[in-house]
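Two complexes follow with chain A in common, the first pairing it with chain B and the second with chain C.
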Partner chain A sequence: MISSIGIILTWFGFLNLIILFISSNKNLFQTLVRVNLLIHFLLFCILEIALFLDDFSLYYIANHSAASTPPLYKFASLWGSLDGSILLWNLVLSIYFYLYIKFYRASVELYDIKIFASILLFFSGFTIFSSSPFSGCIQLASIGCQDFTLLPFQDLVTSESGRGPNPLLQNHPLMAIHPPILYLGYIGLVLPFVIATSELFNKHKDENWIKIAERATYFPWVFLTAGISLGAAWSYEVLGWGGYWAWDPVENVSFIPWLLATAFLHSSKTQIKEQTLINWNYVLACLMFLSVIFGTFITRSGVLISVHAFSNGNIGTYLLIGLFIFSFLFIFIGIRNIEYFKTSNKVENLLGRSGFFVANNIVLSASALIVLIGTIYPIFYESFFSRQLTIGRSFYDILIGPLLLILVYLMIFSTKISRVNLDFKTWLIGYQNELNVSLLISIILTFYFRASYKFVLTIFGSVLLVIIIGKNIVKRYKKTKLQGSYWTGQISHLGIGIFTIGLILNVTQSFSNELIISTGDIVNFGDKEFIILPPYEEIKEEKNVINLPIEFEDQEKNATLNIFKNSSQQAISSPAVFRSIESDTYVTIKVIDDDKFKLIFRENYGIFILWLGLGISSASFLTRMRK
Partner chain B sequence: MKKYLSITLFIILIFLPLVIYEDNNSRYEKLSKSLLCPVCQGETLYDSPSEYADDMRIVLKEQIDNGMSDKQIMEYWTARFGERINTNPQNSNYILILFPIIFALVFGSLFYRKVLND
Partner chain C sequence: MKKNLFLILFGVTIIVFASIRIASNNTIYYYTTTEANYLATTSNERIKLGGFVVSDSVKKENLGITKFEITDGNVTMQINFDGFIPDLFQDNMGVILDGYFDDGIFYSDDMLVKHDNEYISEDGEVYNVENYKK
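Now for the complex of A and B:
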């Protein structure tokens, strides 16, 4: 029943999009875009209802949910696997389509509507022709469902119980927030693509497109920043390996668009103010969206192994065709506008705004390229040499680390950036106090941590950045409100400065130890004392949880080992985290051997500072809320 | 006056790490961070909670205690599990590190010629 409703409604949505694509009526699209949003919202609701009703006649629900799954994770199961996540993807695209016609649309012609509709047609085509979360189950497996149909009104079989979601995905409430926020950022980068290609489709008329594209990139950027940070937080809280960023391919492909979007937010400003970098801006605006499709291709086609990667038959080829079509559109429109691109001014002042932004763009796009190469090189290597190789943390540390450092030093000058060249000498004299204070702080910290040059270089730059921008913001805040893109930049930069302090503390100072203990032991780790209390087991419907309470001062927290039923996957160890501003003590159970436990104690420095910085960067959107 | 203070502080900062830097990463930490757990998804031995990785860590610790050099240890593991177990850049992918640098140079000079005024 639900299966048929869903499939038929998907068809209606598809039909609606086709009308939107071919219609040349200039008033009709307003209604059709709203209808499209309504249909995709309904589809979302229907699948949620089916999930809560445990309708196991649906292939997707039988295989990715279970009656015993707690409500929050049932809700999140909608995007827990490929077919459902495409439903969310389409809903987010539809939301952006609506927001686009409401807030960003400037053109009088219909190119933008047609391009946007074709993108949506492309993605909803997948749910119609390849696999849909609404497809009904026609053949049972021992648990869950074996085979499905894409047609409505079939005789469906209902499986007794569901397979349940991936255990990793039902362990922490962040799982319900992280993917939608990330999608809002990731997919939002469709806006600059649509704006750039449609405004330049015929022949460009004015410079309006870059302003709109810049505005339209900013909010997706905020969501992307927040989404990536939440993912990192989830990894830290749940996966029990003590880190937050693993340079996993899926993390990488969310980071590449972030780098490009950050570059675009800067370079678009030079075009708005000084008419420079026009061609580069066009390339970036399109590349952001192309990198989104490419990233989806990499992670959903099964060419890579990763925690996030779930593949499903033919989506790889499908996405590759899409990547080809949209790249063609990008190149075709680019070639048509060669004359326009030639009107771009050259950058006059290397130490002025444009010069700084060019430097920033070179660093950011080089980083994006490095991450891209690191992600895809193992695939090529394997297919050419039929041997596997791993590109690990050290590759990125060597290459991305110094580039991030360059960015920190560039940002220091961002408070007083203007069209004319920066006079370095006056700058030094003007910021003498700030320089002295940050030199002093760096000396104290270096002395305290007995640190290396890597630490010294980073900490000095970031402390100086935080002090200069912090002072700038405080001075302004006393007088009036912080509004406008200059202050957006300042607050984001402040956040990044704080983030870098946390990052360098974390990377250079953290330490860990592996201990074998039994209950009642007192553990000395660092200069702290922990008491291990007797463990107890909780038996829940979907999993068994072994809790090991650990006492530190007057806090008591559980390190847990989650053993999931209905799952072949290994047990998941979740940490007990004792937080403080300077460092977290992070305890995980590694192995249980009768009454002995092997525990890992980690002292993770700078974690709080790191989250604080990312939070401040994401909160920079407050400066743009009112015009 | 402030100027001399800055210069003094700067000089202190520059030489400080030379005097006080202590490498607190043990050999075990370094090695277990550069070896990939062969049965996990992209985790190193250091990170992985799997039992297989646990067994490997025990062997690794023994090797360190027996006084094997870093090179010998890495050779031991790559001989058994192949090149992919080593997450450090090696001969076959040093080019990877060079490539982005070359690219950045080419890209930068292109930018300089096309975008900036000489």
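Now for the complex of A and C:
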């Protein structure tokens, strides 16, 4: 029943989009966009209802949820696997479509509506022609469902119990928040694409398109920053490997659009204020969205080995076709506008705003290119030499590390940037005290940690950055109330400065040790003392949890081993984390052998500072609230 | 405009060239036991080794060290595993191990078994190591 309702409603949604695409009635589209949002919202609700009713006659629910799944993770199961995640994808696209016509629309022509509608048509087409989360089950497997139908009103079979979601996805509440936030960022980058292509397609283009595109990029950027940070936090809190970023392909493809969007937020400023870099801005505005589709292709088509990759049949080809269509649109419109691009002013002052932003853009797009190469290199290698490989972490450390450092040093000048060239001498004299203080701090820290030159360079730059911007904020807070895009930049930069301090502490200072212990032992790790208490087992409906309580000072925390019952019986070792501002002690169970445990103790420096920095960067949106 | 385009292409070329050079020096290869055979005595670089667990070869030693053999049907290798073993781990199962060779024995501390959303059929689906997915 639910299956049929869902499928028919999907068809209505598709029909509605087709009307939106072909209609040239300028009064009709507002209603149609609202109807579209309503339909996608209903689809979302219907699937949630089916998930909570444990309707195992749906292929998707039989295979990705179970009666024993706790409610929060049932709710999150909607986006736990491919078909459902496309439903969320389409809902987010529809939300942005609605927000677009409400807040960002400048054009009087209908090109933008048609481009947006075709993007949505493309993605909802997949749920109609290829695989839908509403497809009914027609053949059972030993557990779950084997085969499905895309048509409504068929004779469906109901499996007795579901397979349950991937155990990794039901281990921490962050899993329920991280994907929607990330989607809001990732998919939001459709806005600059639609704005740039539709405005430039129009002969009577509005010169303000760049301003609108910049505004429309900023909020997705905030969500993307927050979403990536939450994903990193989840990885740190749940996966028990002690890190937060693995340069996994899925992480990479969320990072590439982030880098491009960050570049665009800067380079668009040069066009707004000085009419420079018009062609480059058009390229960036489109590349952001194209990199989103490309990223989805990489991770959803099964061409890569990854923790996140959903393996599924034909979505790869489908997305590849989409990538070609939208790239063609981008190139076609670009070529039509060669004359317009020639009106772009030359960048004259290399030490002025345009110059700095060009440098920033070079570094950011070079980073994006490097991450892209690192991500696709294994695919190419495998197809040419038919041998599988992965790229080691050191690849990114060698290449991205120095680029991040350059960015930190560029940001130091961001408080004083203007149209004219920066005068270094006056700058040096003006910031003499700040320079001395950060030099002093870096010398002290260097001796304290007995650190290397990388550490010194990074810590000096980031401390200087934090001090200069901190002072700037304190000094001008009363007058400006920190409103406006200048302060968005300043606060983001402050966050990145703090983040870099945490990052370099973490990378250079952390250490770990493997210890074999029995219950009741006292463990000395670093200069801290831990007491290992007797373990106990919890038997839950969906998993068995072995808890090992560890006492440190007055805190007692559990290192746990979660063994999931109803799926692939994977075991996940979740850490006990003892936090402090300077460093975390992170304890995971490696092996249990009767009454003995092998534990890994890690001293992770700078983690709190790192999250704090990312939090501040995400909070930069507060500067844009009052307008 | 032409000069800029040239500069951009030049920059892109340098980045691509440098990245590929560095990437090729920082790779971890996946090997089947046959492919890794010649490495077993000559190299101790870190690799990923895939194969099927040989029946009745699994022996638990003290403190979590587990010894077993894996094979690709052609060459069989001795594994010394020190790490967390998933419950799913059993005879004849396909695994990918992360580790290095020392004296013909493969020392590993990280194991991947199939754990994605799809199910392992109870009637014994045939795995192909070449196409193995994490």
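Note that the second predicted complex is superposed on the first by the 621 of 627 C-alpha atoms of A that agree within 3 Å, B and C clash if a C-alpha of one lies under 4 Å from a C-alpha of the other, contacts with A are read in each partner's own complex, and residues count from 1 in each chain.
Here, a contact is a pair of C-beta atoms (placed from the backbone, for glycine too) under 8 Å apart; a residue touches a chain by one contact, two chains touch by 3 or more.
Here the structure is a predicted model, which means the values were calculated and not measured.
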Fit or clash - chain C, chain B, common chain A: clash
Partner chain in contact with A:324 - chain B first, chain C second, else both or neither: neither
Which superposed partner A:399 touches (first chain B, second chain C, both, neither): both
Contacts of A:440 with chain B and chain C, given as first, second, both or neither: first
Which superposed partner A:362 touches (first chain B, second chain C, both, neither): both
Touched partner set for A:389, first chain B, second chain C, both or neither: both
Touched partner set for A:81, first chain B, second chain C, both or neither: second
First, second, both or neither for A:370, with chain B first and chain C second: both
Touching partner for A:598 - first (chain B), second (chain C), both, neither: both
Partner chain(s) touched by A:452 [first = chain B, second = chain C, both, neither]: first
Shared chain A surface residues [contacts with chain B and with chain C]: 305-307, 362, 366, 369-370, 373-374, 377, 381, 387-395, 398-399, 570, 573, 590-591, 598
Residue ranges of chain A in contact with chain B within the complex: 240-243, 246, 248-249, 276-277, 280, 305-307, 346-348, 350, 355, 358, 362, 365-366, 369-370, 373-374, 377, 381, 387-395, 398-399, 432-433, 435-436, 439-440, 442-443, 446-447, 450-453, 455-456, 460, 511-512, 514, 570, 572-573, 588, 590-591, 598
Chain A partner contacts - residues on chain B that touch it in the complex: 2-3, 5-6, 9-10, 12-13, 16-17, 20-24, 29, 33-34, 36, 41-44, 47-51, 54, 57, 82-90, 92-93, 96-97, 99-100, 103-104, 107-108, 111, 115-117
Parts of chain C lying in touch with chain A, wherever the complex brings them together: 1, 11-12, 15-16, 18-20, 22-23, 26-30, 35, 48, 62-64, 83-88, 113-122, 130, 133-134
Of chain A, residues touching chain C in the complex: 63-64, 80-81, 141-144, 163, 165-166, 279, 302, 305-307, 309-311, 341-342, 362, 366, 369-370, 373-374, 377-378, 381, 387-395, 398-399, 516, 563, 568-571, 573, 589-593, 596, 598
